[in-house]
Amino acid sequence: MLFPEASAASGGHAFAVRGGRPLNGQESTVAVHLDQLNLSTGKKARLYTLFYAHGPGRGVGMFLPVDQGLEHGPRDFFPNPASQDPEYELRLAEAGNFSAIVFHIGLAEKYVHPYAGRVPLVLKLNGKTDIPPADEAFSAQTATVEDAVRLGASAVGYTLYVGSPAQDRDFAQFAQIRREAERLGMPVIVWAYPRGRYVEEKGGQLTSYAIEYAARVAAELGADVVKVNLPEFDPERHARTPKEYSQRTFTEEEAVRRVIAAAGRVPVLVSGGSQVAEDEVLRKAELSMRCGAAGLIFGRNIWQRPWEDALRLTRQIREIMLEYAGK
Amino acid sequence: MLFPEASAASGGHAFAVRGGRPLNGQESTVAVHLDQLNLSTGKKARLYTLFYAHGPGRGVGMFLPVDQGLEHGPRDFFPNPASQDPEYELRLAEAGNFSAIVFHIGLAEKYVHPYAGRVPLVLKLNGKTDIPPADEAFSAQTATVEDAVRLGASAVGYTLYVGSPAQDRDFAQFAQIRREAERLGMPVIVWAYPRGRYVEEKGGQLTSYAIEYAARVAAELGADVVKVNLPEFDPERHARTPKEYSQRTFTEEEAVRRVIAAAGRVPVLVSGGSQVAEDEVLRKAELSMRCGAAGLIFGRNIWQRPWEDALRLTRQIREIMLEYAGK
Amino acid sequence: MLFPEASAASGGHAFAVRGGRPLNGQESTVAVHLDQLNLSTGKKARLYTLFYAHGPGRGVGMFLPVDQGLEHGPRDFFPNPASQDPEYELRLAEAGNFSAIVFHIGLAEKYVHPYAGRVPLVLKLNGKTDIPPADEAFSAQTATVEDAVRLGASAVGYTLYVGSPAQDRDFAQFAQIRREAERLGMPVIVWAYPRGRYVEEKGGQLTSYAIEYAARVAAELGADVVKVNLPEFDPERHARTPKEYSQRTFTEEEAVRRVIAAAGRVPVLVSGGSQVAEDEVLRKAELSMRCGAAGLIFGRNIWQRPWEDALRLTRQIREIMLEYAGK
Amino acid sequence: MLFPEASAASGGHAFAVRGGRPLNGQESTVAVHLDQLNLSTGKKARLYTLFYAHGPGRGVGMFLPVDQGLEHGPRDFFPNPASQDPEYELRLAEAGNFSAIVFHIGLAEKYVHPYAGRVPLVLKLNGKTDIPPADEAFSAQTATVEDAVRLGASAVGYTLYVGSPAQDRDFAQFAQIRREAERLGMPVIVWAYPRGRYVEEKGGQLTSYAIEYAARVAAELGADVVKVNLPEFDPERHARTPKEYSQRTFTEEEAVRRVIAAAGRVPVLVSGGSQVAEDEVLRKAELSMRCGAAGLIFGRNIWQRPWEDALRLTRQIREIMLEYAGK
Amino acid sequence: MLFPEASAASGGHAFAVRGGRPLNGQESTVAVHLDQLNLSTGKKARLYTLFYAHGPGRGVGMFLPVDQGLEHGPRDFFPNPASQDPEYELRLAEAGNFSAIVFHIGLAEKYVHPYAGRVPLVLKLNGKTDIPPADEAFSAQTATVEDAVRLGASAVGYTLYVGSPAQDRDFAQFAQIRREAERLGMPVIVWAYPRGRYVEEKGGQLTSYAIEYAARVAAELGADVVKVNLPEFDPERHARTPKEYSQRTFTEEEAVRRVIAAAGRVPVLVSGGSQVAEDEVLRKAELSMRCGAAGLIFGRNIWQRPWEDALRLTRQIREIMLEYAGK
């Protein structure tokens, strides 16, 4: 367990509310209710593809992100060299019945055609390499919403580095994309990532403070879906967060519920991060869904595994998701 | 009382003039006179919604700002966890008959629809997180006037960081928005906030010097309504202001009247700031209205309180406002 | 007298030529000859309004600038609190028959309507606060030529910070405005101000070197009228100017004639600067006109005075101007 | 041999896959299969010109780059002064039957006309001088895709400095060009060059780490063809690469195959770099083709040689290429 | 003589080739051959005006630049005060039958009309003051190609600071202008000036290395005519240039021929620089023409002289030019 037991101080809070509906643990229904999000017809149609027509369905989504070749480079493919070929992930997405695959424009242009329609596409619209440091993290636009429309994508993805010194450029760039997406009925999934030197000063990118803030910012700026990391508790880092946070602690479940609550009505996808053991993957999936996530977006934990292991794990995750999905 | 008694030196000044009409304390009428502002038909119609058709009416406005989730993060919701759900504030705005609620685009898109028409909307068009320091404060554009028109908003809000080293970008960004607003008949409410390292050097953001300057800048650049903080007197900080200010002192009432006079014919809304005791809230409301404010824009002092407390306080503020409102 | 007697070295120069016509002291005619400036029909019509139809007329102009509320803040209104209300200056401009009043967009929008047509308007198109230091001075655009056209203005004003490290952005911004003004037949008055750390290194903003250079730059870049400060002689500062200047001295009259000659065919308006005694104001007015200025643009020296003093001084200045005006 | 023998650790990897087809040494067919790249009609037609109708044909390409006059200056022409005249390279390209010549806009406009149609043109769209250091390398746009279309070019070239601190501007600039190229059916060849101070910190621009990453980034961002340098092994530099790389070594052939595999389905051209001995040129050509390159782009190694030597070497390279070309 | 005798090492080079035609000293014909430059009809017509219809004609051009009032300020007019009036230079250009006068937009708008058609105009499109240091030299755009077309100009001028840290902005700005010029058939004359702190580190702006590189860059980026300074030999500075240069020396004539050869087919104009003695002016003119220059662009060496001296010198230069001109 990553978090200490909740202190008495925080135990009494009851703000784990989602879309106005109380979330009472496993009983709650976490599905994305498309009619509660005031979506345009185009956005609704495309989100239906992702959360109902493909993948686990019933309002939950399971996404296969493949943007690590840009974000981290080919070294992410070392644990499973076959994964360097994007066709590997496309086959996996089809065989595992993922809700969608996430590609940057280059891979989408060159590889998706044979799978078009069968494997929904989320086109990532910005990115960067991890060669320069992340002190002033900014992820530049690499494609447009019109590219996504042209390729028949069901959503676009955007990385927002919340708290970066470059947030002004980031907000402005995102606002342009949001508006183009509004015009074309394209849903926007925001990778809400706290980042940059001042995030580091205030405890880093994995504190409850930073992740809740990032989720809220994505919701404030107009995300249709938000992708977050789960917080990790570290006493030294926690102590550097603003006093409203550093004065209290949360159970792990509280911490996860809080992140999801911070996004408000915006459906939340939980990231997988770097590869961990299978049981930890499953625990994280279960925890996320139990706490109200609308889906999972696990990449390296899937495609860094050999084909059969990946498919078996995918099936297990899918079962967990459907336990918590809407009817 | 925040300010010392006025010195003889300043006592003789008689510049507490507003729109050409003398303001003799409680006798004066502070209402926004829409026909004196040379407004386009669209701007007049929308300001009528805010200052006459909704809220206290009779030319005064009471606004509920909910942009703190972006500006400060979820920690602002800790005193009243229910307030994290924007629906809480929408219900409060409706129950308390506020003139309008202030949202960023994301919340406006996802939450306002059920309240459309019943609760007027002010769409905030720029924002930032408070994670990086404010030395070179700049608030990037997050939405457009066309977004506001599309959502049926009655005004847009813009944060102008007066005196920031980034003022050149800020002025240019504001000028674009002002022009788009002119074209579409959309009133612009300017959050006129002195900010940045040189404001700090010259006494900080709460001196009379800084706030009067900020109010004037908003008026010079084309605000239709201006939102200010009330000045707070601090001898050490006051001493760092330019000599025209540091050589004299004002009573608190003088100080407030001066800020409102600095905005000229542009109606002034007074900010509430962080939560204080109820009687202090009421005192600030009374002081502001007595000194010629056209309205109040109190957020945390309202929604950080439990539902019933918030509504009772709202009713009390409203009564004060109507005492000073136009006929 | 601000300048030493001219040295023999400079005494023999005879470059006090203006528009090809010799300027022999009081005998010369300083009026703006609109047909010598190769103006478009729109520019000519609007300059006619300023230099013939309003104000002193006969080709000379007397302008009332009111941009100090933005450039310096409300402290400029302390000597005469009534001046904080822009209506005060509008009444003064009308009563004193000024050629035009100079406002930023906000004041122009909210205050000019009752005076439209009676008091010509020069719309200032860029500005800044003086809160940050002027080391890298840049004045951002706050309104457009189309705003000026829409408001019926007779000219636009632009502050060009000659020699600033930000000159590249300034030149580019000005070029855009110049072209828009060309397209719409709107005259451009350039506030040609040497500024920034390298101007300071080379003697500062009041040397003959800096002001002559600034006047020339305005002419090179396309000003239709140029506004300058008069040079002030300071031995220590003079010594830091380039050797072509530091090796010689000028009489005050030579210095003023040189600035006006530096602008070539472009009419020159002389700034008033901060408030000085009445006789000094008159001396400066007479000196400027005698040396070939096309007009005066005195703000604080007018509106910081009480109403009657301001009007009396205005009348006296006007008489001086007409002594030197064209027939 | 530039690389040590492969360690046992890496020997077992089998990721040398290209476009889904195994590359088993000399037996493999390396030709560009235009129907596997999901190209638009315009891109296919133009790539056909380069890889089939001109040059060696049968799906392999031999390009003559002449952008060194901009990138390094005239000193690159010292070994063979005749090469300073672009006509020299045009004649060489024609006599040696190169697939295309690569020029910047100025040379393309002034020199290509007599050769139009006979010598295909790749128009380089960005460039820089090497006078400033490359710490924050960025190559500014010098021409557009429309220029290329107007000149009848068969492709455009773009230098992407992967890992540079300026990568955000680079990605954004490239994205614009990629879209314009998509709209006009123009193939984009990306010079994928790791560069900048952080690349240097992590081992420099010639490590397997850096070059594989660069090749992948080009593929992710939408290159149609990618141009790379071959990695060079240097123990000290290798040790500074991320642990996934520094923990293992590759044979030279493995290293080359890995780079080509990193580009995925995108055809790879291998750069020649600075002049080396003839046998080394031929060895490099053979190695590249054997490992799956789609072609070679040798400049200085060709035109820095006297005419006859250059032609003879070109013929030898061509023979090697055709050994590995498709049928 | 500015250069040492050529060393044996460089004596054998034979790259003094121009447009494919050998330049054998005085026998060569240096005229601009408009049909060899692949010019559009509009560019050809306008260059015909400059190199055939006006000035010396027969393919050589003699230009009178008057941009120093912006680049250096009025101090450049001190040697001949009459020259401060642009009309002086216009009369000189007409009386001396120059090929064209070079003005910035402001002077072109206000002064050229009476001379339109009689004195061709080259409109300079960018500029700066010399008040800030040139470490990061960049010359901002001050006018557009459309301005030039509107004013009936025969060419535009652009200063390119080759090697400046700001080269990325410069290249991008130039590319825009080049394209607009292409669209409108307007020739572009590039002032190819090595500049900035890294040029200084590598020997400064007057080395053969820097000037040859600058000439080549102008040709690569699309100049139609290039303006250069002649190199000056300084052993200490020469030693700091790249080894390809520092290892050899050139005779003065070799050095000049090399610069002209570096521009390839692009005609070269040689700058005059600051005022020198008459015989040195004539020697420079003769040297330039003998080495293949297409013309001269002497400003201060002409208009800083009294009227009669200027005209006599102009006639002498013209005679030299015609000795080398085409038939």
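As written, the chains take the letters A, B, C, D and E, and residue 1 is the first residue of each chain.
As a convention for this text, contacts are C-beta pairs under 8 Å (C-beta built on N, C-alpha and C of every residue); 3 or more make two chains touch, one makes a residue touch a chain.
Computed from a predicted structure; not experimentally measured.
Chains that touch both chain B and chain D: A. Between chain D and chain E, the centres computed from C-alpha atoms are 36 Å apart.
If you average the CA atoms of chain B and of chain E, the two centres end up 59 Å from each other. Order of chains round the ring, from chain A towards chain B, by the touch criterion defined above: A, B, C, E, D.
Within the complex, the chain B residues that touch chain A are 67, 69-70, 73-75, 77-78, 81-82, 84-87, 104-107, 109-113, 126-129, 131-133, 138-144, 147.
Residues 13-15, 17, 20, 37-38, 162-165, 167-172, 174-175, 178-179, 182, 194, 196, 198-199, 202, 209, 212-213, 216-223, 242, 244-245, 258, 261-262, 264-266 of chain A are the ones touching chain B in the complex.
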